[in-house]
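For reference, chains read A, B, C, D and E in written order, and residue numbers begin at 1 within each chain.
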Amino acid sequence: MKKKRLNRKKNNPLKFVFTGTQFEKEISLQLFEYSEDSFMELSHLKATDFNNFATKNKQYWLNTHGIHDVEVIENLCKKIGIHNLTIQDILDVNQRPKFQEYENYWFFSLQSILPSETNEINSEQISFILGKNFLVSFQERKADYFTHIRHRLREKTGILHERSVDYLLYLLIEAILDNYFKTIDTIETNTEKFGIIDINEDPSPAILKEIEVYKTQLNHLKKNVNPIKEFITKIEREEFALIDKRHIKYFFELKDLCLTIIDNCEKIENSLSSSIELFFSVQGHRMNQVMKTLTVVSSIFIPLTFIAGIYGMNFVNMPELHFKWGYHIVWAVIIVIFGAMIAYFKRKNWF
Amino acid sequence: MKKKRLNRKKNNPLKFVFTGTQFEKEISLQLFEYSEDSFMELSHLKATDFNNFATKNKQYWLNTHGIHDVEVIENLCKKIGIHNLTIQDILDVNQRPKFQEYENYWFFSLQSILPSETNEINSEQISFILGKNFLVSFQERKADYFTHIRHRLREKTGILHERSVDYLLYLLIEAILDNYFKTIDTIETNTEKFGIIDINEDPSPAILKEIEVYKTQLNHLKKNVNPIKEFITKIEREEFALIDKRHIKYFFELKDLCLTIIDNCEKIENSLSSSIELFFSVQGHRMNQVMKTLTVVSSIFIPLTFIAGIYGMNFVNMPELHFKWGYHIVWAVIIVIFGAMIAYFKRKNWF
Amino acid sequence: MKKKRLNRKKNNPLKFVFTGTQFEKEISLQLFEYSEDSFMELSHLKATDFNNFATKNKQYWLNTHGIHDVEVIENLCKKIGIHNLTIQDILDVNQRPKFQEYENYWFFSLQSILPSETNEINSEQISFILGKNFLVSFQERKADYFTHIRHRLREKTGILHERSVDYLLYLLIEAILDNYFKTIDTIETNTEKFGIIDINEDPSPAILKEIEVYKTQLNHLKKNVNPIKEFITKIEREEFALIDKRHIKYFFELKDLCLTIIDNCEKIENSLSSSIELFFSVQGHRMNQVMKTLTVVSSIFIPLTFIAGIYGMNFVNMPELHFKWGYHIVWAVIIVIFGAMIAYFKRKNWF
Amino acid sequence: MKKKRLNRKKNNPLKFVFTGTQFEKEISLQLFEYSEDSFMELSHLKATDFNNFATKNKQYWLNTHGIHDVEVIENLCKKIGIHNLTIQDILDVNQRPKFQEYENYWFFSLQSILPSETNEINSEQISFILGKNFLVSFQERKADYFTHIRHRLREKTGILHERSVDYLLYLLIEAILDNYFKTIDTIETNTEKFGIIDINEDPSPAILKEIEVYKTQLNHLKKNVNPIKEFITKIEREEFALIDKRHIKYFFELKDLCLTIIDNCEKIENSLSSSIELFFSVQGHRMNQVMKTLTVVSSIFIPLTFIAGIYGMNFVNMPELHFKWGYHIVWAVIIVIFGAMIAYFKRKNWF
Amino acid sequence: MKKKRLNRKKNNPLKFVFTGTQFEKEISLQLFEYSEDSFMELSHLKATDFNNFATKNKQYWLNTHGIHDVEVIENLCKKIGIHNLTIQDILDVNQRPKFQEYENYWFFSLQSILPSETNEINSEQISFILGKNFLVSFQERKADYFTHIRHRLREKTGILHERSVDYLLYLLIEAILDNYFKTIDTIETNTEKFGIIDINEDPSPAILKEIEVYKTQLNHLKKNVNPIKEFITKIEREEFALIDKRHIKYFFELKDLCLTIIDNCEKIENSLSSSIELFFSVQGHRMNQVMKTLTVVSSIFIPLTFIAGIYGMNFVNMPELHFKWGYHIVWAVIIVIFGAMIAYFKRKNWF
């Protein structure tokens, strides 16, 4: 399915465009307000009911399921002071991962991989707005990536509830990267068969078409992880005021996950390259076997047929034909030649 | 068509040379003068009628259709204080995109892709002069890239009329990059067929010639986008006084477009590389099938013909010929050999 | 065997997970306390008996055999003030080498290669905690890499006992890198056979499968050495207070070992690439030889059989058949053609 | 022709060596002395008659045709205070382009491409000494690259006579780079034929030998342009006192020329790579066609010949031979088999 | 011959190990003491007779032939205050070139190429210790690389005797790099034959084995020159107090030699890559020629043999056999078919 390309030559620059597919009937919000000693959850908040992140010493996480209704998203964003460029970025789901710093917030979007039963990889854009005491996450549809995070918030497990929202951002990205690993494991399992092509069967070029599919998928994964890695490298340089210094080591952890994903992709890519070489070698090997069969059969029987042909001629004066043992001598000659040929090709290892 | 190469060993360095093709009968200018609360448009201004960008607190956009008349362009440039090097750069349309900072203006040129019905890609050079309160754009011919921008100016839609001309430059580049996307979409559609080469047909090397055309086009696109990306990276480093700080995020947006274009080009390039491998595998596969056919037929009938040849010999003393069931026994032998061969090749999966 | 992937979506972030295999029945510790003039060794210390690294002016080396018991490791780490992230890193043995600086210690993990009798490469994760006056090393199982270091400590050979624990760390890493060299030497010996493929035998594609195994192993080695090199480059920049300035030159020595390992890997990789090219050339060469045999035999005997076939026809009116020397003339013609063919193919060097 | 390698193990380091070929009978000099309002030209100055660049407020250009006479060049260089290393660099014409800053002058050498009628590329080393008010250029032989520059000096066209000698250097390098473009245009024209290899002819490996020649030439061009680009990048960083700030934009122009040359080289290189792939695909295509012809002919006639062979046997008891229509039935069978085979191969598209 | 690997897990770190071969019977030293106006040479100094570099205002060059006697080298090094790490580096001759700065001296080692008559490249490690007024060089065996330098010292030719020992180091490295050029020239001469493979001969895969040898050699050269280049780049940045500023331009000269060596290696590598492609194209070309021969012969004679077979059948009722001109008509048909086939294949250019 072709992706919808955002038209950038709009007469009205303030008319935002959603470039994705509608998955949810209605946009629904969940709001979490938490601090070291308080917790409040609004599960099915309507966008119109949301006001703002009022209390200074609380942390807020606002999660959105569905972004298909341009007006709703636009109004929501306006309430928290989001720039027009960011609003369009949230709505344009067919972008490469991007990071942009604004005066009072960060925008960060990435592609979350959705493992599927079929051979295809689907990805969904998840966008984040990180402010001083709030984090807004925009998901195209309901998904259960973040169940464990909600659990930790509610149960006050770990340190999440004691920390600022940048720690929450770390947990969300970690959950998304976890899906990349699952996808790579699936690809690794699916591509193992290419390394064990049967040497004695003529391989079908359809194998190469399939390998190409996996190469494209791995490329897609790498292209989407690389910008995340770069974004974390910026954090590592301690460039941003919105990240608590105590949390930098958690983002390091994410960078390591990115590097591991890229390493794994490259490992499988290398193995696919070798499979392609194996394919061509098996093809050539099969050709050699076929030609050796043809050559052995032809080289033995064509000369023998010639001999039979000689004594099938009808010349009146052919003395050998009248010899008593002529026929038997010819048979002897044929058997000798046959045996010599077999021995010769045997020695040459041709069969 | 070979491009006209600028002769650089001119006796008179002040004789400028136009290296392109004349598309318009006459050079025509459009001048837009705007500010937050005023707007004035001169649609068919003659170059001789243009004076200068007088009013300090107004913004000016001067657009040129046609640059074939060296004298006209030279005079126009002189009026706004353009350096001789820049004048020649505007007139030499067969250059790689370039950016040059001068004392009181910027020069920036790029290649705009013209989508065409045929398989070819045509590009046209568009040059920009960005001054303190003016932007001059030079187009080789009339085109409708910027219609939406003129609309926004006239209707005061968006923020264009409130901002300085560097914001206008952003919109113009965005419109040009939009054409790149359209071209890439066309290439993507056209190259999809290479991934579905029929495995059971001998592929024609003409396919490789066609793939080469698309590889060259993608290379051409990347080569022309890369300098734009580098130019924006310079803006990102806030090196330039002519860019309003509030507008830097818009140029970031452009950089992202460039990166997406390059990503898309590389994706198609990778897929074309795989198609080439597929081509060679199908060629080898076809060869294998042809040879297997030959080998099966020859291996079965050449030995049988030898047997028939034996009993076609004319020896006087060939006892088998006189056996009552000799002929029938030979037939039986032939059928047994035939069946064994068929079974053997069947088991080997040769047909 | 598939590696166990750490589940990162845990409801309880404080529940650590061991992702490896249990090799030892019980976790056992060795503690070395040393200074310029003292030495004390506790060989089979239980984790519960360990307290802390009390004496300021002594150096401590605590080595662990076995990390499979999560609770034991967790308690041990808590005693020396290790962060939760580090505890999980120690227990997750399927990671790329990593380095992380904490407030009062360094964490550093790498993969130690275990040479084995079979064709496989096994690696074990070794983690280090470097503090002001202590070094803790975590090994998955008992191994004899560090025998010489224990010897030096006990016998006060060299300068080890006079120096701070960062010098000890240098010796431990050196011992681990030494195993890499042994593994590379084994790979080099095993891959030499690929360069001497017999030109006159049809090579089996199984060779390519074997080459792929070695390419993957070399890639694995390089991927594990590269992070060590990068970690030492950081030391080279004198970024760390925990490294005595006098010891930096020893870490340079390690960087050189890393570079040599990478060089050796690349040398073998290049040679394997050439072996693949050799494989395909031998395959093509064999094909050429087979086809030349077929062509020579067929080109000689098919025309001769045609001649014999002519005089095997049963036309009533065939004058040649009644010539006295007809049969002998045909033989003469056959011999002349045969000789000419042989001469022709001989001159063409076809056999 | 092998290049003469400079022997660096000389007993006497002050014995300079000329490593080129003598083209001119005698070394001749041209001296230009100019300023905004004066001009003086000495056309056939002998090296011994030259003194020095006396007048402070004049600019001097000293051009040398021929550098084969070591003593003459040495004396000349001594008069203007050139270091021994530079003298040897001027005389060793088989070097990669180099740039070296000295206390009171710059040394800069590059390879000038000489377009020739044959398929070969010849290059000549041109060395420059740039001082405060003088530029010395050393050419191996007379050539007409710089005619337009002499013209501009004499006629006071443009701004050359008003500017310092670094502007002159810009013009000289521009003229040399212009020759690169001419050479690339020739290569582009010559290599176009490789893209239109006839698909129905067996291509000769001689084509690959020819492609290799062009690849080597393009590589040679790139290797010689890259150092020029790097040298200009240094100027761009405004590192040098000898360059008037107003002239930096002219050197930018040169950098752009270098980048364009490299782009063009890479474009042709990519196209040559594709031609190699095309070569192999046409070779495989031809093989497929040949084998299909063989297979069709053999598969049709070998079985038919077998049938004929059957009824050529001489068994006494072969009832079919005595059937009245036996012969006609065999013909019918043969025709049916023939037709079925033709139809089968036709449907398979084998001819 | 396998290289001896240094065992790094020694119980006694102070036991140094020599990893090379003994070439000289005894270690012999030459000591040169020089200054602008004095010169003293001790030709066959024993290591035990050497004391130290006493006189402050003299320069010392101590050269060693043979390093096989660990004790001798150790004692010598101790006398001039060399660190244990350096001593082991001098004795371990199987290392990549390395550079290490110590408090009061520099250590620098490189591989000197020994041109040999056979096809192999041997290299020897030469180590340098550069101090304030002394340079010690360690050679594995006697060689005549430095004859011209000794000559210059003795005869006071050039400026060597006036300068500090870093100038001497420049001359020594220059002499070693000179050997690289000689080796590359030999390789270039030896590899030229690969570009002129005979198109009409089936090429042997042994050629690829030989090409691999040269590729490995070129790689070896590049790997050994690259660290020298990097070391000089450090000097270029004026980081070292031991280098007289006046001498930096000489080290630039060396960097240029390194770059030229690398360029030359890459040029030959590219040409070898093209030779491999040429190899495969000639192989395919030969195959095409063989198959065309087979196809032409088979396609002509198999159908003709079928015709002869028809009239060799023994049906009683075969009217044609009784026609008077039957036999002649068959001959006519055969000749017509033969001629048509020849014309067809001629037109197809198959022979």
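Miscellaneous remarks
As a convention for this text, a residue touches a chain if its C-beta (ideal position, glycine included) is under 8 Å from a C-beta of that chain, and two chains touch if they have at least 3 such contacts.
Here's who's who by UniProt: A, B, C, D, E = Magnesium transport protein CorA.
What you are looking at is a predicted structure, and each value in this text was computed from that prediction instead of being measured.
Number of steps on the shortest path from subunit C to subunit D, with steps defined by chain touch: 2. Take subunit B out of the picture and the remaining chains remain, by touching, one piece.
With contact taken as defined at the outset, there is no chain that touches subunit A as well as subunit C. At the interface between subunit C and subunit E, two copies of one sequence, fewer than half of the residue numbers in use are shared by both copies. Its C-alpha atoms superposed on subunit E, subunit D is turned by 70 degrees; the angle is given in steps of 5.
Averaging Cα coordinates per chain places subunit B and subunit C 42 Å apart.
Averaging C-alpha coordinates per chain places the centre of subunit B 26 Å away from that of subunit D. Looking at subunit C, one finds that residues 280, 284, 287, 291, 294, 298, 302, 305, 309, 312-314, 318 touch two or more other chains. Taken as a graph of touching chains, this assembly forms a single closed ring in which every chain touches exactly two others. Listing every chain once round the ring, from subunit C with subunit E next, yields C, E, D, B, A. By the touch rule above, subunit E contacts subunit D in their complex via residues 145, 147-148, 151-152, 155, 157-160, 174-175, 177-178, 181, 185, 195, 197, 199, 249-250, 252-253, 256, 259-260, 263, 267, 270-271, 274, 277-278, 280-282, 284-285, 287-289, 291-292, 294-295, 298-299, 302-303, 305-306, 309-310, 312-318, 349-350.
Interface residues of subunit C facing subunit A in the complex, by the touch rule stated above, are 5, 7-14, 83, 85, 95-96, 98, 100, 102, 201-206, 208-209, 211-212, 215-216, 219, 223, 276, 279-280, 283-284, 286-287, 290-291, 293-294, 297-298, 301-302, 304-305, 308-309, 311-314, 318, 320-327, 330, 334.
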